[in-house]
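Next come two complexes built around chain A: one with chain B, the other with chain C.
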Partner chain A sequence: MSRAALLVLADGRFPAGGHAHSGGAEAAVRAGRITDAASLEAFCRGRLHTSGVVAACVAAAAALGVDPGELDRAADARTPSPALRVAARRLGRQLTRAARATWPSPELDAVAALFPKGAHQPVVLGLAARAAGLTALDAAYCSLYEGVSGPATAVVRLLGLDPFDATGVLARLADEVDRAAREAVETAERVVTDGAGVLPARSAPLLEIGAEAHAAWPVRLFAS
Partner chain B sequence: MHLDHHHEAPAAVSADARRPDGTRRALRIGLGGPVGSGKTATVAALCRALREELSLAVVTNDIYTREDAEFLLREAVLPPERITAVETGACPHTAIRDDISANLEAVEDLEDEVGPLDLVLVESGGDNLTATFSKGLVDAQVFVIDVAGGDDIPRKGGPGVATADLLIVNKTDLAPYVGSDLARMAADAKAVRGELPVVLQSLRSEDGVREVADWVRERIAAWTA
Partner chain C sequence: MDRVTTAPGGVRASARVLARGDGRGGTALPVLEGEGPLALRRTRGSGAEARVMLVGAMSGPLGGDHFTVDVQARSGARLRVGSAAATLALPGQDKAGARYDVRLTVDDGAELCWLPEQLISAGGSDLRLTTSVDLAAGARLLLREEQVLGRAGEEPGRLTSRLTVRIDGRCVLDQELGCGPGAPGGWDGPAGLAGHRAVGQVVVVRPEFADRPPAGCVYEEGAAVMPLAGPAALVSAVAPDGLRLRRLLDGALVSLD
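Let's look at the complex of A and B:
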C-alpha cells in the first residue's frame, strides 16, 4: 500500500470536478448561517457527523469490495434531496473518469458501464481507493476530508474569508475526522457480513432543504 | 462492431479521437478571452454561418449565470437541445484547463443525445489573459480580444494571445472611438505569435465572421481528412 497514492487521491487538485461544488456552503452563506470562521466550523462539524459519516461508510464499504449497485441504492435511499442525488451522481461520474485514467482497473470500467451517468460519488471513491491499492480506512479519510475541505475552500471564495482561518478550521476538526474514519471502517466491515441495511442513515435536514433552494437559484457561483 | 450496443461500453477516458462505438468524435474548438470581448457574439455568428453545412453544438461556461446559453437560445442560433451550460464554481479557467471533467461530459452528452456532430464550440467564461484550454478538452483554441480593451494587449502577450491557434481582434468598428491603433495591434500580435494566424473582425459589419468561419472550415477538413 502506498502512502503517496493516498495523497494523490486526497489532493484537492485531483481533477474530479469538486472545485465547482460548495458542499452546501453557498446556500448556508446566503441564509446567513455561515458568516465567519466559527460558523464555518460549526457547519463543517455538522456535515461531518451527518451526511459526511454516511458517505464515508459507503466509500469504506466499496473499498472492501461490497457490490457497487447495492451501495448505490443505499446511498440513494439516504439522500432525500433530488438535487443532492443529481450532484452526487455527477461527481461520481467525474471521479470515475479521473480514476479510470489514473488507476486503470476492471472494477472501475465495470462501474462506468453500469452507471454511464454516474454512480454516487462515495461508491466510486471507494472503488478508486481499491484501484489505487489503498485501504477502506484511506477511502473513509478521503471522503470525510473532502466533505469538510470543499465547503472551507468555497467559503474562502464566497465570503473572502481569510484562507488561514479556513485552514485552521480543518486542522481543529482533525481529531473528529480520525474518529469518524475509524467508525466508518467498523460499520463497513459489518456491511460486508450483514448487507447495506446496517449503513447509518444520518442526515442534516437543512443541508437537504438548502440544496433544493440552491438548485433553483438563477444566479449562483457553485453547482451545489 | 455492434453500434447498437455502444451504451454498454464505458465512456471514453480522455480526448480520444474515437468515441466508444468506434466512430470519429466531433472536432472541439474552444473560445476564450477577457470578459465582454465578443466570444458569445462570435459563437452566435459562427453558428449562423455554419449550421447549414455542419452538425453543430455549443457548450457555454458561465461564471455565475446562464446568460451566454440564454443569449444563444434567445437568438435561436441553434435548437435548444444543442446548447449546454456548464457551471464553473467561480473558476472559469479551472473548468477549461485544470479540471475539465464537467466540460468533457457536456461535450460527450451532446454527442450522445443529438449526435452525430461535426463540431462542438466550447466558450469559456470571460477570464484573464492567462486562461487557456487543456488539450484534453479541445483540439484547437481561439482567443478573442477586442480593440476597446486597450491596443497594448497584443504587445503584453500572455499564453492566450501568444499561443492560441487563432487570435481574433474583435470590434474593429470601435477603433476610431477608443483611439486604438489597428495596425499596431496587428504588428504586435505578429511579433508575439510568429506564423500563427490573426483575424481582425467587426461583427457589426455584413458577414463579419467570414474569415473565422473559413478558418473553422479548414480545421474541419483537416480533422476529417
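Let's look at the complex of A and C:
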C-alpha cells in the first residue's frame, strides 16, 4: 500500500466537491448553535460519534469488498433526511468521477453504472480506497476526518472564526478519531460475515432537522 | 403474575397482542396477554378499530429489568395501542441496565397505531429500548415515540433507543439515539440535542406513498417531515419539554393529511 495515496485521497483539495458542503455547520451557525471554537468542537464531536461513525463503518465495509448495493440501502435507511440523501449521492457521484480518473478500477466503473445519480459518498469512498490500494482503516480515517474537517473549515468562512482555532478543534478530536477508526474497521469486519444489519445507526436529531431547514433556504453559502 | 420472575437480574416480563379482522368488519383480539408490570386492557374502540391500553402495573423498568412487548396485526385488523401513563425508567439496585424490547408486526391489509405515552429517563437510570417493526408491503402504520430526558429539573439517565422499520423485508429506517451520562460525545451539543430535553419521532407508513410520495417540510424550526427511501415518512422533532414536543409532532403530522 502507498502512504502517499492516502494523502491524495484525504486531501481537502482532492477534486470531489467536498468544499461546497458544510456538514450541517451552516444551519447550526444560522440557528445560533455554533458561535465559537467551543461550540464548533461540540458540534464536530457530536457529528463524529453519530453520522460520522456510521459513514466510516460504511466506507470501511466497502473497502473490504462488501456489496455496494447493500451498503447503499443501509446508508439510505440511516439517513432519514431527503436533503442529506441527495447531498450524499451528489458527493458520491463527484467522488466516483474523480476516483475513476485517478485510480481506474472495474469496481468504480460498476458503481458508476449501477448508480447514475451517485451512490452514497461513503460507499464510493471505500471503493476509491480499495482502488488506490488502501486499507479499510485508511477509508475509515478519510471518512471520519472529512466529517469533522468539512464543518471546521466551513465555520471559518461562516463566522470568520480564526483558522488556528478551527485547526485546534481538529487536533483535539484526534484521539477520538483514532478510536472511532479502529472501531469502524472492527464493525466492518462483522459486516463482511453478518451483513449490513450490524452497521451502527447512531443519529443526531438536529443534523437531520437542520438539513431540511437549510435545503429550503433561498440563498446559502454551502450546498448542505 | 405467576410467570413474572424477580431473579437477582431484575424483573422479566412480556406482553402479547394479536389482532385480526373478525370477518364482520371489526377487529378481534384472540391474544391479549400481559404480566407483572405490563398489564393490557381492551378499551372501547371506534368503528372497525380495536383499542388496547398498556397499563403500567409496577414502576419501572428499573436497572436489571427486561420487558418485552410483541404486537401482531394480522390481515383485516385495525389496532390502536396506547398507554395509560408515561413509562418511567428508574435506577435499580442492580448495576445492570434495563432493557425494553418492542416488536411490532403488521400484515397486508392491516393497520397498527402504536401511540404510547412518553418514556421518561430519570436521573441515574440506564435503559436500552429497541423498537423493531416489520411491515408487509400492504400494511399501514402510525408509530409515535417520545423521550423526555429527566424529570423536571433533573439530569437525565442513560438512554439508548433504536428504531428499525422494515417494509416487505427491506429496511427503510434505522435510527439510534444515545443520550445521557456516558453516551457518545457531543450528544447534547449543537449537532445532537443542544440542550433540548424532549425528542421524538413519528413514523407513517402507507402503501399509497409508493405512487405519491409525501412532501417534506419543516415545521416551526424544531420539527421536520421527511419522506424516507420507501413508502414511509418520518416526523422528527426536538423540544424543551414533553408538552411542546407533542405539539410539534401533532402539528407537523397534519401536513401528511
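Please note the rule applied: the second predicted complex is superposed on the first by the 224 of 224 C-alpha atoms of A that agree within 3 Å, B and C clash if a C-alpha of one lies under 4 Å from a C-alpha of the other, contacts with A are read in each partner's own complex, and residues count from 1 in each chain.
Throughout what follows, contacts are C-beta pairs under 8 Å (C-beta built on N, C-alpha and C of every residue); 3 or more make two chains touch, one makes a residue touch a chain.
Keep in mind that this is a model prediction, so the values were computed, not measured.
S.K.: If we overlay the two complexes on their shared chain A, which of chain B and chain C does A:19 touch? Say first, second, both or neither.
M.R.: Only chain B; A:19 stays clear of chain C.
S.K.: Looking at A:78, would you say it contacts chain B, chain C, both, or neither? Reply first, second, both or neither.
M.R.: second
S.K.: Is the number of chain A residues in contact higher for chain B or for chain C?
M.R.: The partner with more contacted residues on chain A is C.
S.K.: Let me test your reading of the model: by the given contact rule, A:109 touches which partner, first (chain B), second (chain C), both or neither?
M.R.: first
S.K.: In the superposed arrangement, which partner chain does A:187 touch: chain B (first), chain C (second), both, or neither?
M.R.: In the superposed model, A:187 contacts neither chain B nor chain C.
S.K.: Would you sort A:45 into first (chain B), second (chain C), both or neither based on which partner it touches?
M.R.: Second partner only.
S.K.: Residue numbers of chain C touching chain A in their complex, please.
M.R.: Contacts found on chain C: 162, 164, 170-178, 184-187, 189-194, 199, 216-218, 221-224, 226-229, 234, 236-238.
S.K.: Applying the document's contact rule, which stretches of chain B touch chain A when the two form their complex?
M.R.: 7-11, 13-14, 63-66, 87-91, 94-95, 98-102, 104-105
S.K.: Can you list the chain A residues touching chain C in their complex?
M.R.: 24, 28, 31, 33-34, 39, 42-50, 53, 73-74, 76-78, 80-83, 85, 176, 197, 199-209, 212-213, 216
S.K.: Mind pulling up the chain A residues that touch chain B in the complex?
M.R.: Listed in rising order, the residues of chain A that touch chain B are 13, 15-22, 90, 93-94, 97-98, 100-101, 109, 112-113, 116, 154, 157-158, 218-223.
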